[in-house]
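Pasting the structures here.
Two complexes, one shared chain (subunit A), two partners (subunit B, subunit C).
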Partner chain A sequence: MTATPSNQSDSVRLMTPAMLVLWLALATVPLWIARVGLYPYLGIEILIWSLYALAFNLVLGTAGLPSFGHGAYFGIGAYAFGLCQFNVVANLWVCLMAAFVVAGLAGALVALFISHRRGIYYAFMTIAFGQIFWTLSIKSHKITGGEDGLLKIARLPANFGLASFDLADNVAFYYFVLFVFALAVMALWRLVHSPYGRVIAAIKQSETRAAHLGYHVWLYKASIFTLSAAISGFAGGLFAMAQLAAFPDVMSLHQSGYIVMMTLVGGGLVSFWGPVVGVFLFLIARDVIGALTNAWMLYFGLLFIAIVLFRPEGIAGAIGALFEKHSAIRRQGNSAMRLLFGGGRWR
Partner chain B sequence: MALIEVAGVHVRFGDRVVLESMDLAVSEGEFHGLMGPNGAGKTTFFNVLTGRVKPSRGSIRLDGEDVTGLSPRRIAAKGIARSFQIMTLFDEFTARENVTVGLPSFRARGFDMRHAATADPGFAEQASEILATVGLVDKGDVRAKDLSYGDRRALEIAMALGQGPRVLCLDEPTSGLGTDGVQRLATLIGKLKGKLTIVAIEHDMEFLFSLADRISVIHWGQVVARGAPQELQQNEWVRRSNLGRFA
Partner chain C sequence: MFDLLPHILNGLTLGLLFALIALGFMLIVGLMEQINLAHGSLFALGAYFAMQLMGSRPPFPADMAKAWLALPLGWRYAATLILAPAAVGIVGIAIEFCMRPTYGKDPLYGLLLTFGAAMVIEETIRLTWGTRDYVLQVPQAVSGGFLFQDLIWSTYRFYAAGIAVAIIGLVWLLIEKTSFGATVKAGAHDSEIVRALGINLTRLRLLVFVFGTMLAAIAGIIVAPIWGIRPHMGVDAVIPAFLVIVLGGVGSFWGAVMAGLLVGLSVGLTGAYASEWSLLSMYVLLVGVVTFRARGLWGKKSVLEA
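On to the complex of A and B.
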């Protein structure tokens, strides 16, 4: 939402000051992450899931469509990357493109069936399709390796023509993922502030009005879902490289639930950066609290409940509200929650 | 030839007939009022006119072209714009953004993902002009949900005007407005009259009788009386229903 004049100018920019600060901060991570007791691989995971969460938030936050089976597209991207590497050509760019395209096609197929729906029906259908893809990934042993996963996926070298970088090392791979993440964030930032992004945001607020203004609501809803699935699949391709394998568990319902939790806790409903905040919090909490107790999810779950009850606009929204005195963001969060979960009272 | 020609429109919800043999001809530049008791079928008729409800029989022509049963977006693209009785605004958007999204030039770029929406000042300028027409020019940066009730009503109309329509359909534009608000709206409609073809559902008889060129009285899904305000005064049905005293 670019309502306040202060970020009006940011919406025109390709790269905002906030992005630049974030890139620079993230670029220093490998220098100190081991010293604070964490490990470089966590940085990779956070960036990939951040990209996935931003892609997911195109549907949840920008379009207001509750998709609870998004793990499917992340997983399909991972498998597509591996299968492309084994069966087509072992080229990084081709395989990442394959992850994007195949997940996008799966998303488009699902979008065909769900885009005339909204609210709870939409949510249920995304779950149903997510479960279908998850089941297929487990049952198709010959293609996906079933529950054992698709193993021995290589981190292909990044060939930029003039120079080629080996990504086998976690630090090198981290910088590659950061580079891709930076490009993707710029593209997504532009997307949500483009006329297309504004139309999507309008449709979220009133499908009826948008239709009477002459917009093809179905096509917009189907296209944003497809795009979101494709970018999620792209992130999945990176994840296959990170893990050196592709597993069905990221496609399961509870893993699909994680991305929803991360996005909501972070504040994806009111803020572009919300999903990223949520991913940072979730994965760092997993490792830090998880080192202390197996029941870390219990604590994160409590946090999730507290946020939904008291700060439905999420952490990014709460931070934003500190800067923006009036409570526009807060109300926005509330109405967004209402939009997603029906007319129930949330406060 | 009339700009809008509705002939023999039937609408049925289940076994309930909502509209029966509705006919209407509105010529270019005319302000045509629709009145009648609650549940008479006025809003349903609007929904047929703007594509939300498909009639089971009958036809609707816009400038001779058959537009019966087209979807809302196609009807909108043909130049029929509507406002809503129950306000249907983009609440999180500013007033200016609300109007901007409705501009046909913006819609033409609806799938543009590569440029920032605010990079082209043309949209904001166009939207501001429309806002000026309805008296909201200095409230362009206010979120729709933060506007006063009267201003929200005005924005409802501004969005429809922004579509640059040939026909403007207003569903109870004075609904919930105070005397000042109605006066303001009357001034606005007075300015638009003649330039646009307007069809308005309205309960405020004083408002309607002072502005409309012709009025159709709808009851039980049918037109029971039709004519210029002065003529309606003489009409038996209108007299009996105590509506004529305003004429």
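On to the complex of A and C.
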């Protein structure tokens, strides 16, 4: 993690060339995914989990806060989407908004209790709240359907005023998720490169220093956690649509651990795109290795150990380091790969 | 009030078991400032090894197995209490070797490494023994129950609590009253000076880690007859262990023991009135304490809070 000058021109842009390349590449996925032995639903899953991982990385990578119970907010978003659809109004935008707001409120409540803590105590408080929400979702049969989950959630049509799209088909839904994902990524990119995002990154380096510079550390920590929870909940709402149901399973400690793993394997600590890389790797490994052997978690666990040992900065970090060797390219700062993996964003 | 007595006793024995489970975790956190998330998996591994040793097909060559099976159950149990933790200790050595590059870095890396190790061990358990439940045989002397105040009490629970008290006492003596304990504590406090004094810190860390993993295995063997043996038991153990340490405060021996008792009491008492919510009570307890106390109940300053 050497200090490299951050790419000023990119960080002020709303959309970087890398994003454009990524969107175009992702837009072609439904055309070939079935031919390589995978299926369109996997594409949907990857996009939703990528959004979730990016939201999670606001807390882990940007703010350096160890949150190990983030599945709770993803799950709360999924339930909120379903319950809003059943009990309030069956409108896509309202229900997605509900997922965002309810998960954000849950996040804000937790942030009240934990934002004055650090390190192991912060980490375990997030686990404790994660377990509390998880237990509540399992035990409140009447509201959430208990362990059976909240079933029969519909993919509501996307009404844009002029035109309305039916999302029941996986390919149509894929393009809808891609559209939402693109908007959300632009928003997140702006956020982490905004003055607010810079303060958050400063808090990651040293809370004491940031406090002495006059920033209200508690408020920043609480707000980034709330925001991360809200966006995770939004992704959860999309996930409820994808699955046509909401289950307590995603809120369990295991699943919360997986999102940490995906984010770190990909390189979330050093790169904006790290979490996305990790989600791609994790979900594709799950399907490909999982098809060959039942013990895919064993092999993924070994891979994870190897990454922590030899490439602790994750895959994006490793690729970034590879490209930094070509220092001429680095100085010009126009290597497509380097842009894609945002080498040396702040450290 | 008297109706409460069984629940309080039940909670206290449960609390001693929680303290026992947390003991190895606490040693590694307190003396090495590393969070060993594989603790639960090593706990499970101890129980599985013991089950294999106590079962009808011990993992020995044929004639040795015959001689082993001819021994009385009590002898075999006593031997298992040593053999199974020793075998888990070997796994501990392997994990410690992997952990060496993470020393001195952000504690997050050690935590992640052991999370990976936990995944691998749990998956290996699933592949070797399947997902079914097993029962650990125990000698006649400590199984069964007895009558007291018109209630039937499980003998094993009291035996397990007694063992927990004994092991907690022994570990305390080792850390506080021997020169080994003094060196280890000094090593955690200022590794550079300890190294300059000519003490082999690498070996010291290895010893502490292996000792911690063996304690995990012993806890697994003691708790197995109560909780049953299944692949998930590791996760069921590591979370309370972690919770007990955070509640008691990092670096405090008696804090962890007291926290274990408190967690046991809260789980036991909630279980008596609202069994569905009994496990939730420990999280609520933790949130209640850590919201107001920065380092748990009796925690000390540690790099883990940076």
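In this text, the second predicted complex is superposed on the first by the 319 of 347 C-alpha atoms of A that agree within 3 Å, B and C clash if a C-alpha of one lies under 4 Å from a C-alpha of the other, contacts with A are read in each partner's own complex, and residues count from 1 in each chain.
Definition applied: a contact is a pair of C-beta atoms (placed from the backbone, for glycine too) under 8 Å apart; a residue touches a chain by one contact, two chains touch by 3 or more.
Given the structure is predicted, the values throughout are model-derived calculations rather than measurements.
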| Thinking of the overlay built on chain A, is A:Thr135 touched by subunit B (first), by subunit C (second), by both, or by neither? | second
TODO: Considering only the touch criterion stated at the top, classify A:Tyr121 as touching first (subunit B), second (subunit C), both, or neither.
DONE: second
If you stack the two complexes on chain A, which partner ends up touching A:Ile48: first (subunit B), second (subunit C), both, or neither?
neither
_Quick one: is A:Ile224 in contact with subunit B, with subunit C, with both, or with neither? Answer first, second, both or neither._
neither
Exercise. Thinking of the overlay built on chain A, is A:Gly301 touched by subunit B (first), by subunit C (second), by both, or by neither?
Worked result: second
In the overlaid three-chain picture, which partner chain does A:Leu253 touch, first (subunit B) or second (subunit C), both, or neither? second
Check: A:Met261 contacts which: subunit B (first), subunit C (second), both, neither?
Finding: second
**Message:** I'd like to know which partner A:Leu309 touches here: subunit B for first, subunit C for second, both or neither.
**Reply:** second
The shared contact residues of subunit A with subunit B and subunit C are none
Interface with subunit B, subunit A side, in the complex: residues 1-3, 5, 8, 11-13, 190-191, 193-199, 201-202, 205-206, 208-217, 220, 223, 328, 331-332, 335
Note: in the complex, subunit A contacts subunit C through residues 66, 113, 116-121, 124-125, 127-129, 131-132, 135-136, 139, 253-254, 257, 260-261, 264, 294-295, 297-298, 300-302, 304-305, 308-309, 312
Per the touch rule above, subunit B residues touching subunit A in the complex are 50-51, 71-73, 76-77, 81-82, 84, 88-94, 97, 100-102, 104, 106-107, 109-119, 141, 143, 145-146, 159, 163
Subunit A partner, complex, touching residues on subunit C are 35, 98, 101-102, 105, 107-109, 112-113, 115-120, 122-124, 126-127, 235, 239, 242-243, 246, 250, 276-277, 279-280, 283-284, 286-287, 290-291, 294-296, 302, 304-306
